[in-house]
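Each chain carries a letter (A, B, C, D and E) given by its place in the written order, and its residues are counted from 1.
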Amino acid sequence: MIIKKIKTTAKDLLTDGSVSLIIGYGINGPGDVTPVFIKDPDDVEKLVWNDQCYYNLIRYLSDRDFIEQNNGSIGIIIKGCDQKSLKVLLSESQVNRDKIKVIGVTCKGLMDSDGNVLAKCEACDVVYPDKDFCDVIIGEEVKKKEKEKDFSDIDEIDSMDLPDRKKFWDNFFERCLRCYACRNICPLCYCKECIMDQHNPQWVLPSASVVGNRLFHIVRAYHLTGRCVDCGECERVCPIGMPLRKINRKIIKVVKERFDFESGKDQEQKSPLTRYRENDSEDFII
Amino acid sequence: MFTVIKPMRGPKFKNEVARYPGGENIKRCFACGTCTLSCPVSEAESNYSPRRVIHKILLGLKDEVLSSDEIWYCMTCYRCQVRCPQDVKYPEIMRVLRQMALEQGYVKSEFVDAMKEIEKVTQDIRRKILKRFIEKRESITEKDIREIISLSDKIQP
Amino acid sequence: MSRSHFDSGEKVKKKLKIIGFLCNWCSYAGADLAGTSRLQYPADIRIIRVPCSGRMNPLLVLKCLQEGADGVLVSGCHPGDCHYQEGNYYVRRRMLILKNLLEYFGIDKRRFHMSWVSASEGAKWADVVKKVVEDVRDACEEEVKTAG
Amino acid sequence: MNKRILVIGGGIGGVQAGLDLAQMGIKVTLVEAKPSIGGRMAQLDKTFPTNDCSTCILSPKLYELASHPNVDIFSYSTLDKVDKKENGFQARIRKKARFVNEEKCTACGLCSEKCPVKIPDLFNKEITTTKCISIPYAQAVPAVYKIDKKHCLYFSKGKCGICQKVCTAGAIDYEQKDTIETIDFDAIIVAAGAEEYTPRIRPEYGFGIYDNVVTSIEYERILSASGPTGGHIIRPSDKTAPGSIAFIQCVGSRDISSGNYAYCSSYCCMQATKDAIITREHDQNACSTIFYIDIRAFGKDFDKFVDRAQSEYNVKYIKSRISEIIEKPKTKNLAIKYITPDGRINTKEFELVVLSVGIRIPDQIKELMTELGVKLSEYGFCPCDAFEPGITNVDGIYVCGTLMGPMDIPETVMSASAAASMAARGLLSPEISSEIIKEKPAEIAIEEKYLKIGVVVCHCGVNIGSVVDVPEVVKFAGSFRNVVFADELIYACSRDSIKYIIDKIKEHDLTRFIMASCSPRTHETLFKSALEEAGLNKYLMQMTNIRDQCSWVHQDNHEEATEKAKDLVCMAVGRSRYLQPLHELDSEVNKACLVIGGGIAGMMSALFIADNGFRAFLVEKDTELGGNLLKINYTLEEKNISWLLGKIRERVQEHPLIDVCLNTEIREIKGYVGNFTTNLTSGKEERNIEHGAVIVATGGREHETESYGYRDESYVVTQREFETMLLNKNPMLKYAHTVAMIQCVDSRESDKNYCSRVCCGEMVKNILQLKNDYPDKDVYVLYRDIRTYGMLEPYYTQARKTGALFFRYDIENKPVIQKEENGEFIITVYDEILRRYIKLRAQLIVLSVGIDPLETNDQLARMLKVPLNEDGFFHEAHVKLRPVDFATAGIFVSGLAHGPKYINESVSQAIAAASRALTIITKDKIRSEAHTAVINEVRCTGCGFCVDVCAYNAIEIDKEKNIAAVNTLMCKGCGSCAATCLSGAVDLSGFTNKQLIQEFQELFL
Amino acid sequence: MDMLILNKHELIDNIKSLFKDYEIVGPSQLDGKLYFRPVKSMDEVVWDFVNPVNNIKDFFFPPSQVLYELRQDRIKAFEPDTKKKRIILFAKSCDTRALNLLDKLFIGDYKDTSYTARRETTTIIGLSCLEPADRCFCISLGGGPFATKGMDVSISPVRKDKFLLHILTDKGKDIIAEQGTRPEREELSLTEALKQKAEEAIKRKINIPSDFFEKFDSDYWKGVSQACIKCGICTYLCPACHCFDIIDEGYFRIRCWDTCSSDTFTKMAAGEDHRKQKYKKYRQRIYHKFQYYKENFGEIACVGCGRCTTYCPVKMDIVEIVNNS
């Protein structure tokens, strides 16, 4: 069983001292899956593995505060989508690859509370973490599903005419509380002082107004251009249920069509905004 | 289309032509085609091309050139010589070739005299057509010209 | 309660406020040439000089729209002419993403324009300004109609 | 010796030579006959192969020259007399009267508007008319008007005088006389250039008879947006847009019979291709046909440009020299007869015909040269030998540009830089720094001072005052908080206004200054110097353009213009609140130059650095100097290369200032412009050297080919091997009665799609040498295009005269070689003239294989962080105007490393590279840009986005702290990094985010 | 304090009559989530629900509110428009009890004008909680599913369509028409039984250890707070949390919610921030609720509604953390 292999691997890594901390999935009081940080070998029992392990634990590798506290080498349990975001972080030299041990676990798709497979897992095109990237692979190899990304919901929004589209989004912007959970859960939002918290100059209205919220989400989506790997965490944590994946995947679609680039595939390549081609499309330029 | 094997050695045909006065610059030709384009004969006779004749000389196809009837087409109007950027004197070269053809027995001397005859008659017909056209003053088509030529044997010189 | 008339149904003022960010080497020179050739164009545009169109961060455009500008124009050198080699290539990609995002969230795409104007295209600069002012005016009128 | 050099001619050649000399600290006097500098390049619309707009890339250089303190420009002037002194020259320069005072004229254009007299517009090749008082074009430098005495009513009939009445600046002065100045010079550089050949001598083309036949330079004016037709392509007869355009090449070139024009003018094929492409861009349904003899696209990326013309812009190329043009009277179209590729004769009607005219040296320049004592060639050009391009028979007089022979803009710029470093010899020394240090009062620190803003609004005579209600704007400006002084001036740029401003700054103890007037592009330096004189940091000034971008363009709507002027002042006030004092950083310069590669290019660069008195390190990985030149025995001009090479090697080895390091490799180059440290390894021992500039002269290598059985046939050789066979009379030649040569082997094809430029010249050289030694041998040449451009064309004619036969083959129909038992080769090729396949028998086959880049290029490129182009050669900063520099400051390129070229072109580029390097190492300190990137270390996450977008490698991530660091010396202030940074950690001083935001935010507060 | 029994449609008619001159706010579905928000008619209102995402705090202390407009020449203060009175329908006991906590702060020795104006013009009709969620722990903090603290009228279920109304304040009296029957003992005992059942359903207990304050410097907080991603959900959704920040947006001065987990919470002028690390921020949240508020205002600023554990992105459970500290 996968969970047994995870526990033994974690135990060995901790005992032989090659890692000083293991980040994995555990259970909290009321029985929900929660991230768990194990330092001594016999706490390994706390680790669980089921189809509710939503979290993208890579987020903790790019959290400066967390790394300050645990500056030893870290073992981390990752799924396919998490691995993609780790590659993006490596391309932006935010994570020191030799200080982390990557434990790749094959995942057959996560389930939400009432038992159907998450939308992001339907669209997942990488099922097992690839061999030459992870240090340890747990679970049998599942062939990679070559699948054309389905952007029908994005096309549906695009096809709305302007006022409807505006109403569709303003409906959410009226309720957005600017709690920044979507920003803080994302592994790629690692700035020391986020644009939203800057006052000199003040880029975006900090308070929770419709205009301020709209601009916050535009800036967040813009800053994830060619970086977001659609791990779906932002949408999951949003208290008012804003369809954030519809925003990210719109940009993923534009980047695929116009710059022919997919994030999280190649550890060397950063966002396409740092490169150009002579014949980039300029149909919108007079 | 057949292939031509180039003769290996022996006195070059082009040097022979170049030795005659007027043929000196033949080797300067870089086949730009101005002569063919300015030649009134090639307008009428589509596969006559002064450029091709020069090219055959340079390639040394002596028999093919001297026995061909192309070297007799030239009306020596000298337009090609004026226009040639490399100063190749094509009409002079034709004179040289005609002389060589005569000397080396490709044609008989009566043939050369006859040439003068043809020259005279064509000029005469041309003058008649022009006179008729100038009298009438309105445009003249090829059909009218053919009709005049067919009547010409009736017109006294 | 937001007071930029992005959302409020304020009547469209006769005088629009459009901000133009022009690159110093080509577009600003083109605008100067439109001046020396006395080409007339609407007065709704206010020009800010930037060293290169590559200096333009989409956040500046967003801040401009949020502060209450009716429209924003970013103009730079034709690709290949850039005094700093590659500035306009990068901004082209950035603004493509911004354009898509603005449209996606229901902001009229006629409020933000980009153009390439070289130092000798005074006439083209005048045409660009006319087109931008006309587009922004239509966008404002439509906005008032739907919001009203 | 007063270190002053005379430059004759204000074209791009003269401008580049003047700029290089000025930057080396030498005083320059530039004499230009026309009213403004820029020469023929200013008349061009776009330049090939990049289609840059010509004015965009030229005017920054003109402004830089005009505003350089070391340069005085005498425009609209001629040379009366030049006589030789013992150590220089003395010239009498006559500055012809313009009847307009240069100081006062603000180029407002009012006089020209009101002038009643129309005269033919010489700048626009007389396509349209201009006024009697005029400037050639809007962006002319100097922008001063001129009265044409001959047509002016005041001078001819004594009446009119409207322009004087109208001119508010009082600049018109009918009594102005020619002024004469006699100045001594150390050397003279003649960059007088050439002019277009007027095709009247070829009447069959109908120029001057039919309306719709124009020359290529007239067509440039028609294409140009600032031209008479405003960029709309219209044909002269009925002003309609032509649907079909014919370009006729070689009009007045490669033409012996119509005059002494046996040479090829080098750039017309590419100019026609560019014009055809631009025509297609302007008008989608216009299609162009180019009638040519050989398409001479020999330069960098030229072949790709021609391919793009055919594939994307459906330009048709037809090999057929046109004999005559006939106009159809009714439609004014032009019928052209041509030979189609398959040999038939065809006639087609074109609505417009452009004659690609060649160039010739005008007579007055020939007279000038004879007066200077310089010998000219039979064609009127001034030829120079390969190893001393630019040096004439008269000591102290140097030549550059098209006066040396037909050449394109990059070659002109290279020869101009070369002429500069040749003329500078003996005038420079490491002790004297070439910087310009102006003394100015101490700068007051404003940090602890209270924010006090001063605003001046200018009337600019009537230009602003007549449209914008200036007093209203001044009152509005006074209403802002922190604005303590607001006033208006009639002419802010006049001498006394500047003094007034300086006094007001001191009086009100201002800490910011706003000037609302004309364009900062032209007047910013003037007002900044005013601030400096007032002791205020010059970057505390903010200019706002209420003339060119407000009053002039909203003339019919005064109160809207006033409203806009107020807003512009409001924006300037907003921005000025956040301006900070900035200082250009100076950093020490190490006065030595590293030259990588000991070939002819490297040696010449090192020689000219050392001859000018500066240390040069010449690094060569082989055991001896010479590089590719060791394998070449003679060229078309120089008979004994090895003897000349020996002389140069000797000069290099003995030169006290050249440190030759043989069999030495470069392990690492660190540092930046002015402060490079390079680690050299030779065998075991290592060495570190310090230097201020780098010249890459690593050269190229002959292409190893497999085609046509070269690998396994001993009788199939390359041109270079054939040359050595000829030199030492190799016995194999005995059997070779007939030699066949094949051009463009592996070149101009899929993966190697560029022309190696030198193979045609080598082929002609070897033919002449062969026919000279063995007159009775036959030579066939199978070619795609004979590209003997410029002065090589007469040698091609000579080659034909020796009896060599030239057959054209097509890329889809390459010649096929079979070997017979007796060792002879049968070459089958399709002859398009005979329209038959012919078989040629030959005993020896010579292949022209072209030049490849070195494999080590990309390793060196990564070390220097400079780019390579698609074909693997080093990619220069700008193909036309900076062919020797890299985008990264302080690094230059010359020779085959930059691309295939002839020896004299390599030498010219090498000396140019030396000159460019001298502009840096002659300075004690290098001044960097004031607007440079600034890193906020608290916010920087070390993600590296900024490093990727920096074209100048001015930003790097410091490994331990993982935080970006800016090298302010390399930073050019474009701001790409500031715009790409996600967390707003990078900002651009002078254009900070806060300043830009406050500029528009002030409008909405 | 009088009580009355109403059946469902009588109760609905009574509330419907209020729609004319009151603005009604009630729990209603929007995009699959439940919010307290203005409703137009009774059928939008949901009857049986666990706590909605937001709580009634939003209507007194909104997420973002304009205080002043500052122009170069004039200042204009913004008053909340309380012309139309407002009724909050079906608030649960934890929310109303939390509102009571906020009153202590906003209407303490300094009266917050907008909060007080809104508070006086709003009447709260509470609904007792039949099936508390498994994360609720209101009882261990002195509340309870049927508690009525902070309500003007409390509605407790008796039988399927029978409700016991309990009018607690004068404001309550104005809005409830005199009708319905007096409660019988038998109905009262039925309600009492339901109350017992609801209270047993709450299994989770929070008990603050005695040496709670001494644990301030222990490393316990570092370990516990590691999973926290410093977002603002737990504070913004908590009915008792009340920290706010005053910021300028252009020429508007705005009061908006702030969260102790944000990077700018304790950031001072020169960038100094003595609560920079994450564990200090999380510790501040716990101690402010369970220690400092108790010292200042005598009550623990937590009402046990369980929203912070339900909506926490990384599912940190406040009960477990406080109990084992």
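Keep this in mind: a residue touches a chain if its C-beta (ideal position, glycine included) is under 8 Å from a C-beta of that chain, and two chains touch if they have at least 3 such contacts.
Bear in mind the structure is a predicted one, so any value in this text is a computation, not a measurement.
Taken together, chain C and chain E share the touching chains A, D.
Considering every other chain in turn, the ones in contact with both chain A and chain D prove to be C, E. In this assembly, B is the chain whose CA centroid lies farthest from the centroid of chain E.
A count of contacting C-beta pairs for C-D and for A-C identifies C-D as the more extensively joined pair.
Computed from the mean C-alpha positions, the centre of chain B lies at a distance of 51 Å from the centre of chain D. For this pair, chain A with chain B, the centres built from the Cα atoms lie 85 Å apart. Distance between chain centres (mean CA atoms), chain D to chain E: 74 Å.
With centres set at the average Cα position, the gap from chain A to chain E is 33 Å. Counting only residues that touch two or more partner chains, chain A has 193-195, 201, 203, 205, 209, 212, 273-274. Shared interface positions of chain D, defined as residues touching 2 or more other chains, are 938, 949, 980, 984, 993, 997, 1001, 1004. Listed in rising order, the residues of chain A touching chain C in the complex are 157-158, 162-163, 165-170, 195, 201, 203-205, 209-212, 214-215, 217-219, 221-222, 225, 247, 250-251, 254-255, 258-259, 272-274, 276-278, 280-282, 284-286. Of all residues in chain D, those touching chain E in their complex are 481, 938, 1001, 1004-1005. Considering their complex, residues 45, 50-57, 59-60, 107, 109, 138-139, 224-226, 230-231, 519-522, 545, 547-550, 552-557, 560-561, 563-564, 567-568, 571, 877, 887, 931, 949, 951-952, 972-976, 978-980, 984, 988, 991, 993, 996-997, 999-1001, 1003-1004 of chain D touch chain C.
Partner chain B is touched in their complex by these residues of chain D: 204, 250, 254-258, 293, 319-324, 337-339, 343-345, 737-738, 786, 796-797, 800-803, 805-806, 808, 828, 831, 833-841.
Taken together, the chain A residues at the contact with chain E in this complex read 28-30, 32-37, 55, 59-60, 63, 65-66, 68-69, 171, 175, 177-181, 183-185, 193-194, 197, 199, 202, 205-209, 212, 233, 236-237, 239-241.
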